[in-house]
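Both complexes shown next keep chain A, but they swap its partner, so chain B is in the first and chain C is in the second.
Our next item is the complex of A and B:
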């Protein structure tokens, strides 16, 4: 019984939140890694691209809710997601045409593109706040829980409750589908293959007749779709607030770099590594250990490695360790 | 030349002594508030409140056998201790005030107290400084306040929770001076009363996700979660996450968390939770608004406290039959507290007469003044309970 209680407490406060958060980070990191692999720069505007896509989805969700269209138990935001993706695609294509293409034609160094992307970040940041405002926006609807803590306790008779929010389950399901689609696209389709070829060796790809502008366009389209999906899932599960997406940039970059920049598989692994370390390092293990330890040996203190204030510091530290000892990341990406 | 100087100085001294003697019937009260600075929108009404009490006393003609009360305003700036000290210095040395109604913000109040009021031996009553640090400041019995110390809320919280039969709580606070100060004073009071605080953890405002914070709070456990945060900020995020993960069912909310937004965000999900915020059901408030009669905004924060501060100084002078700080400082606690006839706003003339006739008054005033400990307001709190998704008044304490 005690072992079950420990397991449930652990799932409730560590495993489930970390899996959901990891999926959101993985989707974000995939976008960063694709840009890095194909366009060859670190896109600092990624967090705000997510915010923009999510914002369109929020606005469309509100409109759908006001005319009474819904998905029953599922959040209406899922219906609005394609609109968000389209809006975000339009934004990134316009940005690419107006900003990045100029520097691409100049053959600007990656570091210049990084600074340019910071400028883009500030503009997108302002745009989102200008349209929807800087405050929290609530757009979640549908059933809130797959299983709530109280029901779980009644069902199993355990002391610990287990809550699975429907948005957490949804996050994982949607993330799996998105990743499967992406890998299928990259590995099986002609465009996907040309993208990988362009990423591996630009000159060789050009010689074999791949149109670089086309590859760039497809990359942006995929990145916009991934970013919007990540943004909407994060907003549904937590809350939509423009500034929060800006803050997400750090864990997302940490995930991409830990996994190996340019490696899609690495981005997913990195997302989960970062999410799990953030949650486990700041979790107070008192309760779990209390169940597992033999009678009389229960810990008195909180058994917390780091206060939760230092959550963001965890991604920093992991980032530093990886850069020091394995600069190419876990999955042999490109060195930063 | 030297002789001339001495002579001039001597005659000047004599002249000023004569001047003081001739005007023994004038009482000057310094009103030192931040007329410029971060709370400049509040201070005009506060000063008006204090001056209303002075006018009431002057008009009655009963203070110290017909003394008139005049107000001298000075700017505390609220934030600049040096400027506030200089302004207070001027009030005492050049305007020769007999008491100070002020200052407003805790920082400048402490500076004026230690640099000017104590060295010169002048009584000061602050209507709005709430820092717990002022309770223990060196004041030679000269400093009082009609606003409660933030430490007081911690004690009130402890009393409420103990009465509910709760002796083990987890505490989370918003990471700023307000949250930290309140959490610390609560923890101190709660542990002194025999309760146990399992964890006292900060949370940052404006984050999207508080599951890690709630995970730590849940691991520490407790019968109730005390959320010393803001309802529009991280406080609500913590509560939401705690309910979702089943970590806590009931909460205790200090003043920053109580508002319409709380009902709106959580409805009946937090039924059974408790809380408190400053508030009183004393008839003094209504009477105060009545005598203000729209002359200024009587509901603006700390104006009733300002009225009470000025009234207390004047009543204490009457009780001591002297306008000298050293004499009347002993009488302030006495006129403010029971026993005696209860005095509400607008009844200052009655109070002066009672004191003159040798009777006792218990000044209630606009804010139900009750001075405790080192001469600060006990504060009045409205204890609330959440029932059926609504904030309901349990009682006033």
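Our next item is the complex of A and C:
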């Protein structure tokens, strides 16, 4: 029995990665859920919106690096993030003006808007591949570790190391700031309140003089900011590859639905539920159990429930369970 | 009459595009476009059954296509008695145990009263079932995968003629669709979309990782073919003679002959399925489907079992996609799970159906041929366009080489633009539903 080492191993391989991944998913799911709440359709192009915003940030990061501007220990990408957000905002506003507004005025069925978003997805995906190419791009710099495994071992004298990548810490900090700002905006400002009113009851909101186009515009702006932040953080933590963002669509939607579509709080909860289950189910528990089991009873196999390639299956199964037993999600979302 | 003329003109237009390709590039690539176009047309008929007839939003086409491909391996590969004696039956037993676990859990959910006992029973059944399943499954999989891993390591097939794999692909896809439909079809359209998207990814993940099944990412190559091999034709004096009398050299003639053979086979399947889809559309069943699509509540009030009909059409449409998937794998002669991409195998099929005209079978076929032609040809066209645009730029400039390299990614952009333009200006497609 060695509870301390087991705990350290658990945090190193499960808790910390899952918290970072969960924050990234939560930021993505917030975007999906806001669009669903205000514009009332599932935006299939969200993954590629994230990729686009992150791409602008990557390009600006490269430029900043080339002229020698940096943040010292922090990644330069943080400086580039506002530019990425602005670029992404421009893109989604243009898309909304050229594509979505027409269908909004027609009062088209939500499913038509979903198909339209498929078209937008193709275009954004094509744009990103056209500009930056389909390959892995590295843009992370600054210190790699907040605490490296060796330092931790030396500090504590434990057998097990604990490494916290600076990108992981950064992800959590930035995500907390972003979420705090979002909730402050939604709950305290006039525009935020009108957004929530519009999401709750469109007709009533229109009657009380809320301008729907303004609400929609602010929604897109917020979504662009969230998507870019999520995209950049994910890219810093893992790596920037356009196709991966497209694949993130599934866990992001799963998070939003599990939490309850249309509920911002739910999106955050859903993100962490999905991230923690993905990591725990696909993690090989041999090490942790080895510390916990009494001497001589250590497991032989890897004690891995599912191979890591099945992580999609995990988000999907959770999605199904929630839909079957609690169709509106953990936090009461909309059921249109 | 004018409408028939217009539709015929549209089909002739696509045919003309293919003929132009034949003259401008080569007849080999023209026939290749036709072959994949025919397969895409079958997939489009499947999606049209689900979306056009019944309004089901299935974005898991890729999964069913891949299952069709898997069927080709399972049916046409030679028998592998070694693998079966080593662990094949054990795997089957494990899978049955797994199915029994799920069944027991579902039964417990249905039969037992709500409460803590039920939750505990379900949990116990699932956990115990999973442990037993893995205990039986893992050693058997190891045993099968250990047999000649460089060339085999899978359970092999049934050694049957490859043409039988096509209906088998349909059956496999139908079985999977039934399972999926049972769980997911009660959901609203958005949820169904996400659910099918996820299932397709899972099917691909299974095919990539379960090496005992079809070698996973190690791929199965050299699948049997329903048409003769080029090399045999070239060695056949009779064939060489008739090729010479047509003024063709034996190599070109043999490749054309083989591809044309596929075209004939695919055309037969397409015509049969198209005829069946047309009959279904005109039948009372088809009218009922459209009634359900247009107003579920009213149809339910008229006594139609909406969920059952949805399940039916979901299974049928997926089966058609499975058949197309089996045909595609046969045409390729290999199963490569790593190449299945949702953009290519799900969303592109959707573009075909929407552009062609959802709800109209001929529209779906036309859309499939046209979009497939564009998908193939946009790349060289884009390259040509980029060369034209960058003609003023100095040789060796970074922008020029970047633009020319990126031309390959123009096709996604083009497909998106086409989809959006059609949705905006002609939302009912090229050949609208009557």
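Just so it is clear, the second predicted complex is superposed on the first by the 334 of 336 C-alpha atoms of A that agree within 3 Å, B and C clash if a C-alpha of one lies under 4 Å from a C-alpha of the other, contacts with A are read in each partner's own complex, and residues count from 1 in each chain.
One rule holds for everything that comes next: contacts are C-beta pairs under 8 Å (C-beta built on N, C-alpha and C of every residue); 3 or more make two chains touch, one makes a residue touch a chain.
This is a predicted model, so every value here is computed, not measured.
Peer 1: For A:254, is the partner it touches chain B (first), chain C (second), both, or none of the two (neither)?
Peer 2: second
Peer 1: Please work out whether A:184 is in contact with chain B alone, chain C alone, both, or neither, and reply first, second, both or neither.
Peer 2: In the superposition, A:184 touches no partner, neither chain B nor chain C.
Peer 1: Name the contact category of A:125: first (chain B only), second (chain C only), both, or neither.
Peer 2: After superposing on A, A:125 lies in contact with chain C but is clear of chain B.
Peer 1: Give one of first, second, both or neither to describe whether A:63 is in contact with chain B, with chain C, with both, or with none.
Peer 2: neither
Peer 1: Counting only touches as set out at the top, which of chain B and chain C does A:309 meet: first, second, both, neither?
Peer 2: In the superposition, A:309 contacts both chain B and chain C.
Peer 1: If I apply the document's touch criterion, which positions on chain A are contacted by chain B in one structure and by chain C in the other?
Peer 2: 247, 307, 309
Peer 1: Which positions of chain B touch chain A when the two form their complex?
Peer 2: 175, 199, 201-204, 206-209, 211-216, 218-221, 237, 244-247
Peer 1: Over in the complex, which chain A residues touch chain C? Could you list them?
Peer 2: For chain A paired with chain C, touching residues are 41-42, 44, 99, 102, 110-112, 114-116, 118-127, 129-131, 133-134, 246-247, 249-250, 253-254, 257, 261, 305, 307, 309-310, 312-313, 315-316, 319-320, 323-324, 327, 335-336.
Peer 1: Under the definition above, what is the set of chain A residues touching chain B in their complex?
Peer 2: 9, 12-14, 17, 21, 144-145, 148-150, 152-153, 161-163, 165, 234, 237-241, 243-244, 247, 278-279, 282-288, 302-304, 307-309, 311
Peer 1: Can you check the complex and tell me which residues of chain C touch chain A?
Peer 2: Within the complex, chain C contacts chain A at residues 55, 57, 130, 183-184, 187-191, 193-195, 197-199, 201-202, 205, 208-209, 342-343, 347, 350-351, 354, 405-406, 409-417, 419-420, 423-424, 427.
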